[in-house]
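Input: one structure, supplied below.
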Amino acid sequence: MSAVAHPMFVHPLGEDAALIPRTPDLAEPYHAVLSANLARLARWEPWALSEGSVADTAGFLRRSAVESLDGDLLPVLIGVRAEGGGWRLVGSSGLKIDRAARAGIIGYWIDESFEGRGLVSRTVTALLDRAFGELGLVRVALYTETANTRSRALATRLGFTEEGVLRRAIAFPGDHRDQVVYGMLAEEWRSRG
Amino acid sequence: MSAVAHPMFVHPLGEDAALIPRTPDLAEPYHAVLSANLARLARWEPWALSEGSVADTAGFLRRSAVESLDGDLLPVLIGVRAEGGGWRLVGSSGLKIDRAARAGIIGYWIDESFEGRGLVSRTVTALLDRAFGELGLVRVALYTETANTRSRALATRLGFTEEGVLRRAIAFPGDHRDQVVYGMLAEEWRSRG
Amino acid sequence: MSAVAHPMFVHPLGEDAALIPRTPDLAEPYHAVLSANLARLARWEPWALSEGSVADTAGFLRRSAVESLDGDLLPVLIGVRAEGGGWRLVGSSGLKIDRAARAGIIGYWIDESFEGRGLVSRTVTALLDRAFGELGLVRVALYTETANTRSRALATRLGFTEEGVLRRAIAFPGDHRDQVVYGMLAEEWRSRG
Amino acid sequence: MSAVAHPMFVHPLGEDAALIPRTPDLAEPYHAVLSANLARLARWEPWALSEGSVADTAGFLRRSAVESLDGDLLPVLIGVRAEGGGWRLVGSSGLKIDRAARAGIIGYWIDESFEGRGLVSRTVTALLDRAFGELGLVRVALYTETANTRSRALATRLGFTEEGVLRRAIAFPGDHRDQVVYGMLAEEWRSRG
Amino acid sequence: MSAVAHPMFVHPLGEDAALIPRTPDLAEPYHAVLSANLARLARWEPWALSEGSVADTAGFLRRSAVESLDGDLLPVLIGVRAEGGGWRLVGSSGLKIDRAARAGIIGYWIDESFEGRGLVSRTVTALLDRAFGELGLVRVALYTETANTRSRALATRLGFTEEGVLRRAIAFPGDHRDQVVYGMLAEEWRSRG
Amino acid sequence: MSAVAHPMFVHPLGEDAALIPRTPDLAEPYHAVLSANLARLARWEPWALSEGSVADTAGFLRRSAVESLDGDLLPVLIGVRAEGGGWRLVGSSGLKIDRAARAGIIGYWIDESFEGRGLVSRTVTALLDRAFGELGLVRVALYTETANTRSRALATRLGFTEEGVLRRAIAFPGDHRDQVVYGMLAEEWRSRG
């Protein structure tokens, strides 16, 4: 399966990349890039320990998209321009939204060979702009394993504040790991240099 | 209510306009432009005879969006750049998709003061490109009242073929009007000059 | 499986035949007659290209019957008197109802060995009587492939008007065929000789 | 509201009367006859103590019809020929079906002015024929208040056996009445003189 | 599988036994005791003729628990103190509730090796106390096969009145058995010696 | 409305108090105690800012109880012995369960006049015993507003560890407050003095 998608709607991230709505019609290319990264992701994410079928992926995408319609999630894919047209899918991100609390949580993953181009920074920046702009949130958090230095560096670079460590909050089989919480407030994001 | 929307994802229609996913978070601006046009639309569309609340509009948008997730509809809004940023909503369009038959039906309406700028032509062109491209349809139809000269002219200008007249197929209270069917085939669209 | 049914309620079509409500309790005899005709029906109907189980048929009948309760469909079976009592099922018909448009669409199929007895004519006549009588429709259409001379002859004989040809509207795998639309108006049906 | 119905399907009960499927499209005529009898029925039936709207009646009819599709109920209306055509609704009956136990329970009510014509006897006879014939039940019961001499006489006349008295099983507000159970077995029905 | 449960909430039946809410988290120990008794129960209960999986049992327990939330059932398990702590499951009981009629029906079964300790008597007593106390029922029935002398003796001992025999009301494959109905009224239960 | 409940099942908290399953049949007494405390709770809990009807409360209790059946919540009420029998409801508590993460979150509130008797300590202790015992969780958290000194003292007294402060995580209208997270690990709970 190819990981190239031809979405109708995009959100440009500069010239070479874009965010794409994460919808069920993209089940096949999304499954392709997910499968290629699953073993690596299982280092950090318990959900990556089991591999599903394309139909499972389609079901997951549909549920996410319905949450999006209900204003509880902003699910996106990260694409870079493909040679023959369309966008090669290289990662996924999402903003979980708690409307009552006006708070959000950002998560993401990216294909190993596309690390280092600032794609995740641009993605998280776009989601924070949306969260603190149109969506009117007052707080966005980012949770990661304490040992995940790459994610922690990203959070720090973007100006998040480390707020605490939830001990044993990430459950791998027989191995419960500590999770660090980073928080960004609306006024902090707006006043960054 | 203002009809200006700030969508995350768009499909540009040239510099000044764009198609926007027709999703429930846009219920307020969509309701505003719909309400402003309802009396005029009721000349051609029986559904425009009754006016609903913003909540009704939100419900309609959610149902449409779910159909979209299921691949049965491509619902879009037509926006033009608003002065202070964002997109002023000026019309609505959609492609109903019968996947088994690989056939679609296009519908649309536009605010009166935005007629004459080619916005509907650009919208229908974009939907036909999508229908015969990524979606792989073999046929797209356009139905309109026989007396609707503006819509008939558009269909002709875009290269649709008049295929027949369904007598009394449009039901207004006490008044059943004839409906003309226009059809476009994939190979016709691809080979247009 | 035998195709003989013992329904409680019938609508007589003369002495030898009757229309029977198409309900899920008739899944077994209906499946029997459907299976016997499937290969032949696949000449005209894409849905006949794949064969389901009795459970699939029961599911289809239940969904149809629920549509009937909601006033969106009038699904019937065509039966002829069986020797030992009951009705041998020999065909199926239905009137799809668009209540908003006060319009309907009639479809049907019949076992090959029961063609030529006027059973389809009697069935369509009964459905048109119902459509333009109790149901108050203003228009009923009949769609068939342009190459289906038998169906076209029936439509003409019953007084339908040919209204147009929808090109490529019937999708077989790798083969998209033209579909002719016939229409009958309430006043035409009432005033026929 | 008139209590005349124009059903497509009927089950004749002699020349002058018929059973009619109890479906939601008959909500208006059924509600008319029900309303006219409600006060009288409240003598025997706790459900008759509260009067609903036509919409309530339509909802009740739809639920009953869905039970019928699932094989758990056979809901019928009793009609007599109306002068201008159609059937005047004069009563209602039903056979509740416990498929696991292959057992049923019959209930009914009839308009006061149509008592004494044998309509209930004919209705119950038709339902017993169906229950012990096509439906393959082994037992059908009939429950009534011990003080309901008319119903008890009917049960006895049709050959039911009195099987017991369930004390206080019928709950009226502040008044719990005894209920007598009559049973009919398949072999008894088949061998009646 | 062990039949020992560790419920959070119990209803003591003396020192050595208790009633336990019959909830889906107890699927495994309940399935263990049910499986061990199924062949014996099939002497009296048609549902015991087929054996399901633990997942089937969990589904059954969930449906029962939802009925309980809706006030239509009071489903309990019978436990005796297990040696290492917790409760060994030895039987099951339930009170079906017809709120409109303010009437209930009690059923139960118990592991053979725990018969004779009065556990069923204590269980039924607790359910009758609840039925005629907090739940405000006016009547509770107990149905059993006429040949089930043990159950009949229990009903008599607790003061139930034999009210009738429903002939052939219990359907085994090819064998329809008579069912005796016992009834208890609220005032009888309250005034027992 | 009285806040006295008569549950069938309880979990004793010493002689004078008990935990009671929080089920919809207790809607009336629960609503009574909730209403009496709502204004005070609104100091700390945004959900307490709006008051619902008894039907709203019943709906909330039903949803909670269904979550409980699915193993996602352990919802309890806190009762003290009432004079005439039964339990006077004086508070509510719950353990939210994330089965994938084997982690839980405890919440609670208590009537002002029952503070100071150790009822909350006993409740939280019982829920922690359950969480780290039968339910097999590895971590339980407790979230409270940083200004809530009473709750913070309780967490500290029970041995929870303060893990961090989520800034602005509690949204009151126009006022976003900081939330402190306390965590307890299974091994910490088991090894406490």
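Which chain is which? They are A, B, C, D, E and F, in the order written, and residues in each are numbered from 1.
Here, contacts are C-beta pairs under 8 Å (C-beta built on N, C-alpha and C of every residue); 3 or more make two chains touch, one makes a residue touch a chain.
None of the values given here were measured: they were computed from a predicted structure.
Engineer: Where the contacts of chain A and chain B overlap, which chains show up?
Structural biologist: Looking at chain B and chain A together, no chain touches each of them.
Engineer: Please give the intersection of the contact partners of chain A with those of chain E.
Structural biologist: Under the touch definition, chain A and chain E have F as mutual neighbours.
Engineer: Please flag the chain sitting at the greatest distance from chain A, going by CA centroids.
Structural biologist: Comparing chain centres, D lies farthest from chain A.
Engineer: Decide which interface, A-F or E-F, involves more C-beta pairs in contact, and give its chain pair.
Structural biologist: Between A-F and E-F, contacts are more numerous in A-F.
Engineer: Need the CA-centroid distance for the pair chain B / chain F, whole Å please.
Structural biologist: Taking the average C-alpha coordinate of chain B and of chain F, the gap between them is 52 Å.
Engineer: Calculate how many whole Å lie between the centre of chain C and the centre of chain D, each centre taken as the average of the chain's C-alpha atoms.
Structural biologist: Chain centroid spacing, chain C to chain D, equals 33 Å.
Engineer: Find the geometric centre of each of chain B and chain E from their Cα atoms only, then give the gap between the two centres in Å, rounded to an integer.
Structural biologist: 61
Engineer: Report the residues of chain B in contact with chain C in the complex, numbered from low to high.
Structural biologist: 46, 100-103, 138-139, 141, 161, 163-171, 176, 181, 183, 185
Engineer: Write out the stretch or stretches of chain C touching chain D in their complex.
Structural biologist: By the definition above, chain C touches chain D via 6, 8-11, 19-21, 23-25, 62, 65-66, 68-71, 74, 130, 133-134.
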